[in-house]
């Protein structure tokens, strides 16, 4: 069994569609960057976060970003995502976007494990063991 | 029974997210404008183009745009959409985007009626009569 | 002189492009909804938030959303945006997304007033009086 | 001097934000895929297609796609872009999107070289020699 996964680094380039008339990446695009890193993290754990016919889904409870410096067209950057809390029903991620040594943005995302069955309301559920065992929260920095 | 519908005019304002670093609406956004007008046309006919549990869906066969003049942030414009062909299995639309008297872009879209059933491949199907009777193609200009 | 503006209610319908394969509005789209309401609030104050050749711009310092219930294709909803803090250099907004009586999401956004001059680094600046006098923060609920 | 460039193959994975409630990649996203390949083609020629302060820009004259098969979340695909015509003022591209051996979509894009100077209307211009010499149209298949 491979080691549980607690982080992922996505390397990415700014695409033209992600810029706006101010000449910078639009602030909403950072949520897409964070999600791309999340799904890559899941793949690196041998999992997929979304299967259309699956009962278990991962809607978002909360997310946010603080912005420190702009990103521009064609710049290369890194999205550092790590699991900071693996709860009974939720996963909480922290996200750091960097371009070379420059801090660009800092984000967080909380997703909740739910069950969707036809004709029933969506309800939260404990994270299934086959998913939980593939992940681990990072140790808090001392 | 209300008259069949063959056209719709959507009034819209350019949103900031639709601009790019060149300061103009990104060319891909016109496809979203055309689709918004298409769905408004369907609602004006008393229909919805998409229901998750429905068997009948309307994927796209082809689409395109020619661009005549730029659109900028906060400008107001109109999307004129009309049905130019109501085939056995397809609907073909023509689209004219205008800002005041200025021609901005000219587009077209062809959607095909398909049946999606679990475990079966998607296949095209004749347009159901309860949909067909709500639409009519515009007469070609003489 | 018209009254200063402290809030705006945007009425909107979910567009197909805003949904994702889970059948719901993608969580990142709420930031576009919040921004659409912000720009409509500025227009209702007789201002525009972005002019390409202007010196003053309004990049974002921070934003976030908490999600309470899903939105689906073609549903109509309201974005209630209000100014909760009018600082020396920043404006802070609170945002409530509702569908009929249902709480959908709660957000916040902080924008900072900056000066962009060719060849100079972007730097924050006090909000110009002709903008400041058009806005007022809402009174905190007792 | 390196060889002129006439094509590029972009390898890409479907991101969640690109799907819609029908469970497929939204048809408008293919224009973003085509543009990503275009900009990568320019980079492979040692050029960038957009510089904010440059006089020369490349707005779009026309584009379109025909759709042959759907793409779904997390699928990997290839965008084959090639220059099919290098005109005096325009570049015309053809685009083939494939997943393994399956034809997904076929597109085309025409961009025009323009000059933007403050206070002057945008006007088309012959492609500058330092750009022209870096590109070549593919030979038509016999």
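Just so it is clear, A, B, C and D label the chains in written order, and each chain counts residues from 1 on its own.
Please note the rule applied: a residue touches a chain if its C-beta (ideal position, glycine included) is under 8 Å from a C-beta of that chain, and two chains touch if they have at least 3 such contacts.
Predicted model only: the values in this text are computed from it and were never measured.
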Farthest chain relative to chain B (centres taken as mean CA coordinates): A
Fraction-based call for chain D against chain C, same above half, different below: same
Whole-Å gap between the CA centroids of chain C and chain D: 34
Computed distance of Cα centres, chain C from chain B, in Å: 29
Multi-chain contact sites of chain B, meaning residues that touch two or more partners: 16-17, 21, 23-24, 28, 32, 35, 50, 52, 73
Chain B-facing residues of chain C, complex: 15-17, 23, 32, 35-36, 39, 43, 48-50, 52, 73-74
For the chain A and chain B complex, residues of the former touching the latter: 16-17, 19-21, 23-24, 26, 28, 72-73
Residues of chain C that touch chain A when the two form their complex: 21-22, 24, 27-29, 31-32, 35, 50, 52, 57, 59-67, 70, 122
